[in-house]
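Next, two complexes with chain A in common: one pairs it with chain B, the other with chain C.
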Partner chain A sequence: MSTIQDLGDAFERRGERAKLAIMAGPGVGWLLTLILVPTAFLVMVSFAEVSSSYDVVWSFSVSNYRELFVGESGLFQTPFVDSFFLSLRIAAATTFLTVVLAYPVAYLLTRLSGRRFKIVLFAVLVPFFTIFIVRIYSWLSLFGSQGLINSALLATPLVSEPLGIFEYGLAAVVISLTHAFFPYMLLTLYSSLEGIDYGVIEASRDLGATRIEIAKDVVVPLSAQGLITGCVFVFVPALGTFITPQFLARGKFTMIAEVLTARINELYAINYGAAGSLFLIIPTLIAFAIVMRTTSLEAMG
Partner chain B sequence: MADSEGHGRLSRLVGEPGLTGTVSVDRVVSAVADYGMWALTLGIIVFLWLPLSQIVALSFMENSAVLFPFEGVTLDNYVSLFTNESLLLAARQSAFVATVSALVATLIGVPLGFAIARHEFRGRGMLRGLVIVPLLMPGIIMGISLLILFRVVGLSPGFLGTVLAHSVYGLPFIVLPVVARLAVFDRKLEEGARDLGADGRSVLTDVTLPIISPAIAAGFVFAWLRSFEDFIRVFFVGGTMDALTKEMYGMVVYSQGTAAMDPMATIIVLVVSTALAVAINFRDILEYV
Partner chain C sequence: MVDRRQFIKAAGATGVTGMAGLSGCMGGGGGTTVSILTWTGYDAVNDQVEEALEDVSLEISVADGSANMFSTVNAGGGEEYDVVIPNNEYVPRFIDADLAAPVDMDVMTNFDSLYPTFQSAAEGQFADGGDVYGVPVQFGWYAYGYDSSKLPEDHEHSYDVLFSEEYAGVDLTGSITLYDGYYKSIMATGLALGYTDAFEGDTVSFTDEQLTTIEETLIDFKPNLLGFIHDEETLTQDYQNGNIIASFANRSTHVGIMNDVESVDFSQPAEEELTWFEGAVVTAGSSNKEAAFRVLNEYISPETGAALSENRNIMNTSQAAMDNIEAESLQIEPGVLDGMIPFKPAEQDEAWIEMFERVKNA
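This part shows the complex of A and B:
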């Protein structure tokens, strides 16, 4: 009897396993072949060479990395290094600005309800109303020496010639990225602030904490998780953005994605591109580790 | 909440009657913080609306490059959009790629979400991590790495490669809402249905799926939009296949002829904002973002 029972259990377990394989199999296959395997190839190709017929020649050399970092005028004097550090700074500035702008709005949203909540939410999600390329494009006619901002300023008696900061360049890129990524930061901050029990804030107030102390000791620590996740979801895409500097830097400088794309597009240097993109994978991995430590999958829906 | 706060703000500003005659520093800070938060929010709303609203305005202008000098209102830009065959074709192509990709992501992602949410198995922890990678991976890395993969296995860039790329890109947008929804799902509903004689299949189709379908629908919309708006992945793996974003990019970077750009952008803004307004009104969209 017990053997039959065992056999039955075994069949059930096997059935259960088969069911699981059918459910998870395609998804796992997709992730393995289209994410993990290509990333492994990327690492391998970064040490390989490309023949004149554009085929990958499997070999082991660090020449791609040397090309990234050693320039004619010395170590680290290359367009790649310049673009990489510039991209890091642009991404950091964008992240900082989205935090500063989104925090108060997210906090305000948690204290609103009903109609007011919906109206404010609708109003602040406006960059979501369109697609990324249009969001960036929408700043094109605002910046520039003949752009709307400079034209408007020139119409006032305060300004006599176009202001440099409103020309195409660094400010245009950072401002448009802040505009484009604002909703990501807002929504992650909002969902973590919303989770804070308002009773805790009232209790600290009753116990004599000042507004500033409440913000510093209660609200910020309790929303740290959302803050970190939001930073990751702004910083990583901002770091790898291609369209934004193409539209709004107008050749004044190049970001890392532009350097890699140009090399691949013009010279089919996928080995150089692979080596360079590994330096974008490092921040991605750090971001991944942070998100996995701070956020549960159930909370990310 | 809003009203009680308004009252609280006022009473804090004037000081609570009978307690002290003076206005405490904290109360002033509170009031300033409250008004400051509203003022800042209004400022941010202006900042957010300005670029898109001037695009809408430009789409009706004679002189479509800049607002000044004002030369009159016209529908010419819309005419140039609807006579721009290649742009319209690219828009249709992008919509088609997005639809197929989001469908593939849904078909693969929903069962994967169920497996992660409801089954214990080896490697589940790793899988939970792997699922969010397409979301975090910069587009350029996905583009370059898939270009290399397709090159190595001999798949030429084009429609299939783009759908493969976009379907894995869209996967987290399906899996995450499904896992989140199943985490708060009351399984007693399923037990009840089973006790009342429903078999496994009808429990799934009549109880479970209807409850999680809004999460799936929201995920589908996000996966669709992400595919539709993607530039860098389709740039690397799309080959010569046309896409709306490639067409728009070419218009802005290689030529100054952007007359069709503003009306196209305006139409996209109108469609998406209407959809979002409806979503905010009828459902708590924040549950699924």
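This part shows the complex of A and C:
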């Protein structure tokens, strides 16, 4: 009797495994084919060389990595390093600004309901359903010494000459990226804030906590997981951004994706590009490791 | 009443007709399909080429620049496209990578109608081991455009305009743009600094000292630039907004801008223009070489060549085609080709690009 029972259990287990394989198989296959295999190829190419007839010569050379970090003037004196740290700073500034701007809006959304909630959400998100390049062209019109922002300011008695902050360049890129990635931060923060039990906030108020203390000691800690996830969702794409600086930096500086693209396109230096891309992946992996250690899937929304 | 036999017969006939129609739609039709990787505007003369060649149909793909064309063709092993049309300085790269097939001069009957300048350029820059590997198709040049409502037309035309805070009594601070590409901007700076000797060989070769001076000049002058910009839409918008007084870019780009901004004019600098021409290459891996060369022959024919130029706002390398063009913006003055400085590969490619990156991040 027990043998029949064991057989039945075994068939059931096999059936469950088969179901699991059918369900997970395509996803795992997709991950292997489109993420792991290309990444492995990228690693291989980063150690390869390109011959004078533009063929990839499979070898094990660290010269591509040396080229990234060792310049004529010494260690870390290379355009790659300059652009890499500049990109990190731009991504960090973008992330900070999206947090500052999205937190109050996300909090407001959690306090609204029904029609008012829908109206605010609609008003905030609708601009992001336009094509990205169209939004970039809008920013193009807004910035510059003769742009709409400076022109409007010059029409007032407050300003006598165009303001540098509204010229093309670093500020324009950060503002545009903040605008572009705002919804990622907003939605992750909202999903996190929405899960907070507002009884806790009321209790802290009853116990005499000020608004700032409530925000600092209750709201932020309880929404920290969403905050970290939002930061990753903004920081990672901002780090590798390409189109925005192409338009708004006016070629006055280069972010890391532009450096790698130029090397690959102009010199066919795919080995240099592969080595450089791996350094773009490292901050991304670190960011995801932080999220995985600190955040649950539910908190990611 | 239709019996089973009649039904099968009718269904069979319908199927055959359908398949024939479908194969016609798919471009089968028994002809040869020539696939071309090139710039925008070539598809405007597809019908004209197909009509002239009858058994050939064209499939045009557009690439974002010569470098991109090379990367695409090299990555695909050169079999995906029959023809690729990069700028002339990239043709040697195709030859070095064994991606180009020797030109079949028996098919290229219009080759003799090319301006002598381009014939000899092809026989020099596009030649290797006694064979020619590319056909010049269209050409243009780089110099600077300017807003004639601010900078008078009769100013002394020189690349110095691009590196001056004030020129002909006009304040140029923050109103200059250079090309957003290392190759063209470095060459223009070299010409402005008077390094014409660097352009004399098969490659453009600046000495280390010259390169250092070029870098210093670009870095010193960078605060005076509006930026490194070369796309027509952005330049047009900036001219319209009054942001630009002078811009270094392609002549055809400026012809496009002139259509929208009346006050924009194009210069003829004393140091001569930097001239490029498109060098059409039939790929070594093409299985339709003969048809591909017939298509190229058509691109420099008097009728199709003229139509191609008028559609793209770019001059044709064929004198016969140019004689057929009426558009005023495409007319060239006699002798303009005599002093041209043709694009050539950079001797120190990597040093140039690294220097340009340093300039941008300075």
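What we mean here is this: the second predicted complex is superposed on the first by the 273 of 301 C-alpha atoms of A that agree within 3 Å, B and C clash if a C-alpha of one lies under 4 Å from a C-alpha of the other, contacts with A are read in each partner's own complex, and residues count from 1 in each chain.
In this text, contacts are C-beta pairs under 8 Å (C-beta built on N, C-alpha and C of every residue); 3 or more make two chains touch, one makes a residue touch a chain.
Quick caveat: nothing in here was measured; it's all calculated off a predicted structure.
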| item | value |
| --- | --- |
| Which superposed partner A:V259 touches (first chain B, second chain C, both, neither) | second |
| Touched partner set for A:F181, first chain B, second chain C, both or neither | neither |
| Touched partner set for A:L140, first chain B, second chain C, both or neither | both |
| Chain B versus chain C as contact partner of A:F235, first or second or both or neither | neither |
| Contacts of A:T39 with chain B and chain C, given as first, second, both or neither | first |
| A:L108 touches, of chain B and chain C: first, second, both or neither? | first |
| Which of chain B and chain C A:K118 touches, first, second, both or neither | first |
| Which superposed partner A:Y168 touches (first chain B, second chain C, both, neither) | second |
| If touched residues of chain A are counted for chain B and for chain C, the larger one | B |
| Touched partner set for A:F247, first chain B, second chain C, both or neither | both |
| Residues on chain A lying within both footprints (that of chain B and that of chain C) | 140-141, 146-147, 247, 264 |
| Residue numbers on chain B that touch chain A, as the complex places them | 1-2, 5, 25-26, 29-30, 33, 36-38, 40-41, 44-45, 47-52, 54-55, 58, 65-68, 107-109, 111-112, 114-116, 119, 121, 127-134, 136-142, 144-149, 151-152, 164-165, 167-168, 171, 175-181, 183-184, 215, 225, 228-229, 231-232, 235-236, 245, 248-249, 252-253, 261, 265, 268-269, 272-273, 276-277, 280-281, 286-289 |
| Contacting residues of chain C [partner chain A, same complex] | 65, 67-68, 70-71, 74, 93, 96-98, 174, 178, 180-183, 222, 225-229, 234, 237-238, 241-243, 349-350, 353-354, 357-358, 360-361 |
| Touching residues on chain A, where the partner in the complex is chain C | 52-55, 71, 78-79, 82-83, 86, 140-141, 144-147, 168, 247, 249-254, 259, 262-269 |
| Chain A - residues contacting chain B, complex | 20, 22-24, 26-28, 30-31, 33-39, 41-42, 45, 56, 101, 104-105, 107-108, 111-114, 116, 118, 120-135, 137-142, 146-148, 151, 155, 176, 179, 182, 187, 190-191, 210-212, 232-233, 236-237, 239-240, 242-243, 246-247, 257, 260-261, 264, 270, 273-274, 277, 280-281, 284, 287-288, 291-292, 297-301 |
